[in-house]
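Structure record follows, encoded as structure tokens.
Per-chain residue numbering starts at 1, and chain names A, B, C, D and E are given in the order in which the chains are listed.
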Amino acid sequence: MFPFSFEWVWDMGHYVFLGGMWYAIGIISLGLTYCIGKTILDMVSGKGGGHGDHH
Amino acid sequence: MKENHSNDKANKFGMVIDLDKCTGCGACMVACMSENNVPFKKDESKKLDSITWMHLYRLTNKKPFPDTEVCYLPRPCMHCEGAHGHPPCVSVCPATATDYDKKTGIVSQIYTRCFGCRYCMGACPYHARYFNWWDPVWPEGMENYLSPNVSPRMRGVVEKCSLCFHRYQLAMDKAYHEGRKELEEHEYQSSCTQACPAGAITFGDLNNPHHQVHKMVKPSKHGGKPTATNAFRLLERLGTNPKIYYLSSKEWVRRLGDNYLPEEKTGEIGNHQPKGHH
Amino acid sequence: MKIDRRNFLTLGGSLVAGGVVGTTLSPLPWKLMDDAAIWTQNWSWTPVPTDGKVSYENTVCTLCPGRCGISVRKVASRAIKIEGRKDFPVNKGGICILGLSGLQLLYGPTRVKTPLMKTGNGTFKTISWDEAIESVSAKLNELRSSGKSDSVAFLSDSDQGVTAGLIKRFLKAYGSPNFISEATFKDAYKLALKKMQGIDAEANFDIDNADYVLSFGSGIIEGWESPVRMIKANSALKTRKAKLCQIEPRLSMTAAKADKWLPVVPGTEKELALALIHVILKKSLYNKDFVARNTVGLDKLTQLTDSFSPEKVSGITGIKPEDIMALAADFARASHPIAICGKGQGNTPESMTQIMAVHTLNTLVGNINKKGGVFTVSLPDYVTWDQPEMDETGTTGNSKDRIDGAGKGQYKDTMSLAHRLAGIVNAQGKNPVEALFVSGSNPLYTFTDSIAVKKAFEKIPFIVSFSSFMDETAKMASIILPNHTNLERFEDVIVSTEAGKSAIGLAKPVVDPRFDTKPTGDALILIAKALEGSVAEAFSWESFEACLEETLGDKWEELKENGFLENADSAIASNNKIDFSALTDNGLAAIEGDTANFPLTLIPYDSLRLAHMNIGSPPFLIKTVEDTVLKGNDILVEINPKTAGKLNLSEGKYAKLKTPKGTVNVKVHLFEGIMPGVIAMARGLGHTAYDDYLAGKGVNFNELIGPVEDPASGLDISWGIRANLTKA
Amino acid sequence: MSASDDNVKDVPSDNHEEGHGNGSIGFVILFFVVGLIGSLLTGWVLFPKLLYSQKEQPIDFNHQIHMDAVSDGCESCHFFREDGSFSGVPTIAQCIECHEEAQTEDPNEIKLVQEYIANGEEVPWLVYARQPDCVFFSHAAHKEMDCTTCHGDIGHSENLKTYEENRLTGYSRDIWGHNIGGFKKNTWDRMKMDDCAECHERETGSKGPCFQCHK
Amino acid sequence: MDSALIPKGVKRCSFPQFSIGILIVGAVLLWGVYAMLLCWFKGLNQTGMNDSYGFALWIWADLAVIALGGGAFFTGLLRYIIGKDELKNIINFAVVIGFICYSSALLILGIDVGQPIRSWFIFWHVNVHSMLAEVAFCLSIYFSVLAIEFVPLILEQKQIDEIPFFHNLAHNMHEIMAVFAATGAFLSCFHQGSLGGVAGVLFGRPFAFREHLLVWPWTFFLFTWSAAAYGPCFTILLTKIMEGITGKKLVKDNVIDLLAKISGWMIASYMVAKLVDTWYWATVTAPSKGLTFMDFYSDGSGLYTIWIIIAELFIGGIVPAIILTNKSWRANKALLLIAIILAAVGVCLNRWVMVLQVMAHPVLPFEGWFAYMPSWQEVATTILPVAYGIILASLAYRYLPVFPQERELNPVED
């Protein structure tokens, strides 16, 4: 799973498979961080609070 | 994986089992159980949850009396090589609890790594893999005979024949101690081979032309298909490329070694390239 | 800042958040996750075998009469594996399934750990060896002083070796003629040699070098004679492309591996043998030179077999006349043909007619005391003690008749008739057995009509068992004086090997005794010493080991060192001629039951995967038993699909099996390899004693049959019984 | 986390500079830091103390004295058997060779002689380097190596350290290493599979097949 | 009693009525939990599995719920990536179903393995060549995507929505939902496929084995395609069931029709591929292993005979495909219902044969067909997710604005 775990080998299988995995995890974490971060910023800057429509 | 074990020569340990000699006496099964700390339960008559690394199949020609014939077939783990070292079970294991050792040709099973998903059992067409449905329990006192060379398994993991790999480890220990790096043919023999009263099992390095096993079946360079008459392997057509060879003088026995379409002749099929992927 | 609910939540939340972040950054969760996994890898209830120095100790396996050399692998003081000994002349490295399982017997839960005495309520209590010896000797003294020394009987599995010698000597000095040993087909063959040639010799079959083996139901690869040696011999046959013809009603493994299987109506093997003789004589296929020089009574033989034409015998045996003729020709024309008998593992005697016919076949082809033939051998006899001094009681006691009627009249050459024990005790009138000693034998399980045997044992007031295990007989004993197991004791054995050779082997302790047990020899010496008069004097040895050492003399050191001592060719080159006229036809040795009520014939079959003699199968053996033999606790009975069809029975279904001796519930297994009209059942199941891995599984075949005496020898030659199988 | 977010909702109404005042942000940070430090301390300091039980060796063995007395170094007592297996911790039979009778007044030696040698009992040594049952380690295959590479310089120690046993796994602490984070400075600081692999990969070009070290 | 929690403008049954329903299902849930604990503490000997049936009922249930839960990713894909805007009216429910299905799948896997405490080895010590590893990785990551998709719906709960932070968070999450949906679709394609790959790579099992394209056997693509095709049918089916239970119309017909149409064409195209695959397997792959097509359908017990492939391909495949692709037929309520039920059964049957028939078929010529009968513990633990799903779906429906069109379709008169 990690380059420092026992089974890790620097080969194509690992690049592709685990690359895909880390890519997905990365997108999801970035997305979540963005949402939470933006919400906090919105709150701090007082933009939030309204019951705006979000659909 | 880097496979260059410096200047080590690759062995390919395997067996040749002469079905004409095998008497079905069961000694190989028990030799294996007692060598490898295989547990037992009060009821072992449900054969599908009974752990027997070495299993004896009873084959019949299905002809009515008095033309009936019966033949026993001992079945250890086939230690398939597949194509380029990819046996059916190894590549499916998600947690790398089993691997194919290119130095010895042995398919391992690491009980402490296995977490019991049983995918390998589904992958093995020989039913050579067994699951520990129960905690192993020895009646009081009997744990005294357990061998320290093979660790007893816990409930919830898969186990199978290791070709008595610990015997290789111990033999290598001795060799190292004596400053050698190679083993003599007799130094590493599996427990079943050693016990078989009929001498039906021969064990050795299929890569070594001086070893009995090689002389008996003359494995081809490509895929290891036996070139000796009467020799066959189980389910060769699947491309599992097993290292257990069988000898039988009986056509019906040899034909039961693989699946054949009605019009196909025994032994003529099977030059397919071993299957396998990744 | 006020602590209101919202603040509390806010600050508490911050604290928790900090805690979560900190915990994630600490080793705690990760190490615990790892350790939890490691915990599952080292569950405390999964044993961890201790390591240590590895050593190998050689001994001889005495679990069956096969007597293989074994090498016990030890780690420190624990025995962890039994392997075959490569340089032992019997097995040459191979080992059988029972021998391999020996450690389960040694370390198993069925061991008798100390001397035990039966209490009033039928349970056992632990007693010391002193108390045990005291009780036994008190009883023996009492019987002896009241002039009933001959009411003591001793049942032993064997009459060879030092322990058997001590038993015989003990009875002699004590004053009882009743040394009873169990007979096998080899004892019957011995008797046949006595009758035909007037020699005291054992037969040794050199299958190893034969090129044509004609087997009348002998399970060559199923435990006949010495199992490993025979399996090796069978492999040698295959390598040499020698032929094996198997004659029996069921496709046994031997039949399956044979070059030819001739299914024969069970019980008609001797007619077939006589027909073969008929053909050989008629077609002059016999070895004229050998017959002229070594035999007498050829004319009588011709006369006897005259009526056994292939056509006639074909009707009895179910084998085609042309097959009989071809068989006779194949047999006679082979260069090293050998005919053998003794069904299955050969643990049951055969009729004199059958054995003599087989020996006649061997004689006609001139293959006596020749490579690949039958050797008549004298086994080494080193038990050459001086006769014990006898007091009056001893002399009187020995002059009495044996309770089993052996050794006199028509059975003067027969050593013992163990199967009669139950009948004698159960007969009306006074029970002649006041005390019974049982060593190496489990009659409650192994004797035919085991229900009657149990009834008889209940009537015997004093039973002493020397069993290492709590077997059926030990459970019935008044006192148990547990023997060491085979891996804890010395035991001398005599083994025959190929080409008529024999050897003495010595089993020796490879582990320290686990429990407070003693070798039977030691127990006997102690009992003798506690008895009055001449009995004690006859046992001057300090211990069994000392006795062995003295008896084996100059062989002792080498035996102890090497484990065996090979004799030279010990075949008897007797000048006595083989008298064919000894061979008579006693007619059909009938089996019990009428055909109207019992339309089927039930026969047993033997397998190496089930021990059926004095040792119960250890768990490893039971594990290898196929589910077509035992399923759960149910035994399966083999039946031909055709017969099953007529009886409306189907695979795996329950059925009721009835014989004149008893009725049991079984399951049905359809098997094409069994003759229609015949059904077969595995021997070795149906134990009521031993551990949960064996007790209560299946049915004991011996419960379903009774003894059938051979008129010529008196021995129990029962090989089956008539039976009925109905849908349950 | 949701609770701390709750706080954010107050911001628009309070709208103060970060810090004191009614000080909620400051308090939030303070509590967060307290939680953080508390859990860090728990994880790094308290946890290892709870995880391991402390056991004293039956006899405080002095390797240094023995090393001085023997001629063959470690192998004088920790030797290879003829079959190539490694004897490991000496048995009482080996001790008897020199200590049939006490040679000194040392209480440890007296204990050895009186409690163990006299009764023929093995000393229940606690083995720091004991690997779990699933591991096969061939000393013979590694005999070119220096003992200290894996075992450290125990050969010159004068006392036996306290044996620490992982309460959950039963392993000796030396397998995971003294550092709870698993960090190591020396080759002998840890004996986990990764440490074997590190050296194997360097020396043989491969971590090796599973069966090389497992049984 | 719980009116403060119920979304505005909709009517819900009384709290006691709701509680009784939940309690009844809860009892079933507890039964399942009990069986689950038995499996964990006593081990897998509690099951009817054996060494020939290493995969059994659970793994089928696992594959089946994942296939049925495929509606979530595919509807998400259609809604957020392809831009089928109407589907916003059913996407919430699709996400709830997906969440239930995937959490159930993970729970089942947690019970199914012999050493659950070590199951993290699948990640840490991963063998990247194993299809099961691919399944585990994508499954668990996709599950987190589903959770993320579920969160905004929860945040829109009346009381939670009051809190500005959550209101904003939900808003922000909606903003970038397309990113999550795309990631989810990517992950789903792989793990649905890998589940097919699990069977397809078994070259020792001629019944399961399929020829490969690069590293993927054909079953890889077939599984992904079939999950996308059949998953929406299950979403529709559950919507219909929900409508039946509540006695309300919850989603407008045009939405259902659109989803049904897409599903129909997907099934149709899948059937073409599946039939080609079956044909190739039966005439090329199997004979090369010495086996005829009928060898795979000759189970003496009658379970695995030719009917099963007819049921799977024709009754569960072609029939729904025909109905759903035909505008007037799918407009017929009864026919639509039949089609979606047959489709759900069809995909479950496909997963069944790809797990259980694989195990049942003897590969060694001297072995017979293997039989297996699940124990009650297996049945209970398989029903457990159903009970859990009913409870979660009920709670979601009661307290969350799952169906945006509900207010419009069922105006509440105050």
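Just so it is clear, a residue touches a chain if its C-beta (ideal position, glycine included) is under 8 Å from a C-beta of that chain, and two chains touch if they have at least 3 such contacts.
Please read these numbers as outputs of a predicted model, since none were measured by experiment.
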Intersection of contact partners for subunit B and subunit C: D, E
Innermost chain by mean C-alpha position: B
Most remote chain, CA-based centroid, reference being subunit A: C
Pair joined by the larger number of C-beta contacts - C-E, A-E: A-E
Distance from the mean Cα position of subunit D to that of subunit A, given in whole angstrom: 38
Subunit D and subunit E, separation of their C-alpha mean positions in angstrom: 48
Distance between chain centroids, defined by C-alpha means - subunit B, subunit D (Å): 39
Per-residue overlap in subunit E, given as positions that touch at least 2 other chains: 115, 118, 121, 125-127, 129, 133, 164-165
Touching two or more other chains - residue numbers and ranges from subunit D: 2, 5-6, 8-9, 12, 83, 85, 132-134
Residues of subunit B whose C-beta touches two or more other chains: 1, 46, 96-97, 111-113, 135, 151-152, 154-156, 278
Contacting residues of subunit B [partner subunit D, same complex]: 1-6, 96-104, 106, 108, 110-113, 149-152, 162, 165-166, 169-170, 172-178
Interface residues, subunit B side, partner subunit E - complex: 46, 48-49, 57, 59, 73, 82, 88-89, 91-97, 113-119, 121-127, 129-135, 154-158, 234-235, 237-240, 255-261, 264, 269, 272, 275-278
List of subunit E residues in touch with subunit C within their complex: 115, 117-118, 120-121
Of subunit C, residues touching subunit B in the complex: 40-41, 43, 45-52, 75, 78-84, 91, 93-97, 100-101, 103-104, 106-109, 111, 221-222, 227-228, 231-232, 234-235, 238, 251, 253, 256-257, 261, 263, 514, 608-609, 619-628, 630-633, 640-642, 672-676, 691-693
Complex contact set, residues of subunit B against subunit C: 18, 20-21, 23-27, 29-31, 33-35, 37, 40, 42-47, 50, 52, 56, 58, 60, 62-66, 68-72, 111-112, 135-136, 138-148, 151-156, 191, 194-200
